[in-house]
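Letters A, B, C and D mark the chains in the order given here, with residues in each chain numbered from 1 onward.
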Amino acid sequence: MSKGRVEAFSDGVFAIAITLLVLTIAQPNNYSDLAHQLGDRWPSLVAYVVSFAIIGIMWSNHHSVFAHFSHIDRGLNYLNLLLLLTVAFLPYPTGVFGEALRRGEGARTAAVVYSVTMAVNAYAWAALWLYGSRRRRLLVPGFPEEQRTIATVGFTAGTVLYTVAVGVAFVNAYASLALYGALAVYYAMDPLSRLAARSSSRRR
Amino acid sequence: MSKGRVEAFSDGVFAIAITLLVLTIAQPNNYSDLAHQLGDRWPSLVAYVVSFAIIGIMWSNHHSVFAHFSHIDRGLNYLNLLLLLTVAFLPYPTGVFGEALRRGEGARTAAVVYSVTMAVNAYAWAALWLYGSRRRRLLVPGFPEEQRTIATVGFTAGTVLYTVAVGVAFVNAYASLALYGALAVYYAMDPLSRLAARSSSRRR
Amino acid sequence: MSKGRVEAFSDGVFAIAITLLVLTIAQPNNYSDLAHQLGDRWPSLVAYVVSFAIIGIMWSNHHSVFAHFSHIDRGLNYLNLLLLLTVAFLPYPTGVFGEALRRGEGARTAAVVYSVTMAVNAYAWAALWLYGSRRRRLLVPGFPEEQRTIATVGFTAGTVLYTVAVGVAFVNAYASLALYGALAVYYAMDPLSRLAARSSSRRR
Amino acid sequence: MSKGRVEAFSDGVFAIAITLLVLTIAQPNNYSDLAHQLGDRWPSLVAYVVSFAIIGIMWSNHHSVFAHFSHIDRGLNYLNLLLLLTVAFLPYPTGVFGEALRRGEGARTAAVVYSVTMAVNAYAWAALWLYGSRRRRLLVPGFPEEQRTIATVGFTAGTVLYTVAVGVAFVNAYASLALYGALAVYYAMDPLSRLAARSSSRRR
């Protein structure tokens, strides 16, 4: 597999999924009371913004991770497809989540479905990283060992974190949505890669 | 972040959003009177063409602006994602606007929602430009100072203009739609960059 | 405008429009009689295949035409956006056409709407070509004069042909659909460029 | 035709079709019993995953096949468009298949429609390969003869296999869905290209 085309294909799926999200906001069904109808849809708008941020940041991180791989083999290609499956699927639980909160029915069920999607995504990320980095299989030669350890801890912690987040969804749907917003901000700050950068500059 | 991939991803979102717009035109629900049904949808068609022009021109200007940046950092990447969010969201208010005008109900509410989307978009543009150009942070070395000033005035004026345009929407929905058509033509002419080009050629 | 990015953006719009076409085929509403329901949708399938062929061939020809331009200016960029508008819009009349034929209601109206879209498309092609080729404004230096004349005749004839085709739609919807199928095959054969190739090889 | 742009366009159609698949899962219509509603949709989810895997693996194989072509002519371009038509169409039978299994009505009809789509796809693959490889028309010079024979046998066997699979659909819809899942795994393992690699390394 050519690395450039795998990245271009992945970028395409990220770009399409992030743009399709808008179709998850339900159309108004009554225009005589439009302001109220649209106001009612604020949970859909919040879910839209949270999922948009998640996919956008994930796309940014996809770049960073793939920049550390020297090439791509069949196994990594399939793990990447699994990751893309969870990204491409996200519009469905996003739409259901927003709609359930709007109707005030089924909100926790919707939060659980959203959370399970995100957890599978976290496992796909971890599998992708472990597959590519174990025994430095696909890593670029210059990639520092400490950074590898930090990233491995980070992706593993991610799977624990998102598994726990499924539990939050069982308790409270709004808390669950807020948590994913907070996680998006956390990943946007990307403290792990800063830590890695600091540790690798300290080493020099 | 690689500048090339940020541009390619942005191009992807622009291309998908501009093509998804067609899904915002409501299907006919009665084929025995199809000519009348379709004729009735002219506001949706106008809203479609206006939004298509806006996204198309914005995509063209995105190129010009990014050509002035020597590289892209994390902050600019996130401001660009914010900008893309407003572009990817545009199909929703476009569909609601056209449908509200067709039904003759909720038109001003729809115009306000459309206008607020455009205003947030103008603020995202201004933030992107100010972030990248302040103290010439990300500007290519040869970029002339006068042109920087002209562009800063232009993007700032844009935020004022689009904020005022929200007020127009409260008054009259048709005037609001016409205004966005006129603004698309104005940006297509791009008088600021002509002014900048003239001023920079005068300097030489 | 960078020629490469205009082509990539255009490729994106062509690829998205051609793939969105599948959404124009109406879902079955009764599964107890699924075979009959799906059989009934054959006009939608034919309209789908015809529009798919039209967009696919148009995309191929877009390449050939742009290969003759040495660069792209603001005017050509906007005419290209106009062309893309007609391509991105095509899924709407395609869906309406197939559905009208299936219902046996409004078929001629639907055929006229489809035909007008195609006619506007033909005018956009002609405008694009004339703008770029007049006085060889944007043509690559080596482009032979005879080929320019042949292409100009071809694009002009296209506008006449597609204007006449609107008339066919007023008479018979099935004849209209068959005509667009035939035109797709005709353009796939691309006799003009063969003629041009022959004439330019004769010249040498 | 530039090979790079045909590949980029094909990648675009694969990426869009794979991401559009999510729209084929029907929205819940009753949120008071959301868990049950979503649980009911498991056949749609399975059909989604199977089609996602099929398109993802097909995209991977598209790369391998095109890597063996030195250039692309008009005929191959049109056969590739035919192949892309079957890929872009797949979301429709995927949605119908999942929905028919959920409702427990029309499942075999849906399985047949899905299978016929896959069979046409297999014929398009075979036509593409035979057109490009016969008398080594478009093959890169170094491509070994044994590998050509193995690939020809493989694509021909594919047409037989997928034709037989239409028969399975007439008998049992679930068996049919399971078969496509198994075929996706089979193609993911890609035993033919391993065989080819072994045979070509034995030759050296």
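Criterion: a residue touches a chain if its C-beta (ideal position, glycine included) is under 8 Å from a C-beta of that chain, and two chains touch if they have at least 3 such contacts.
The shown structure was predicted, so the numbers you read here are calculated from the model rather than taken from an experiment.
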- [ ] Identify the chains in contact with chain C as well as chain D, in label order.
- [x] none
- [ ] Would you kindly say which chain has the C-alpha centre located farthest from the C-alpha centre of chain C?
- [x] A
Task: Interface composition of copies chain B and chain C: same or different, split at half - done: different
Task: Rotation in the CA alignment of chain A with chain D, degrees, nearest 5 - done: 90
Task: Separation of mean Cα positions, chain C and chain B [Å, integer] - done: 27
Task: Distance between chain centroids, defined by C-alpha means - chain A, chain C (Å) - done: 38
- [ ] Check each residue of chain C and list the ones that touch at least two other chains.
- [x] 8, 12, 16, 20, 23
TODO: So, with touch as defined above, which chain pairs make the list?
DONE: A-B, A-D, B-C, C-D
Task: Complex interface listing, chain C residues touching chain B - done: 1-2, 5, 8-9, 12-13, 16-17, 20, 23, 74, 77-78, 81, 84-85, 88-89, 91-92, 95-96, 99-100, 103, 105-106, 109-110, 113
Task: Of chain D, residues touching chain A in the complex - done: 7-8, 11-12, 14-16, 18-23, 25, 27-28, 31-35, 38, 48-49, 52-53, 56-57, 59-60, 63, 188, 190
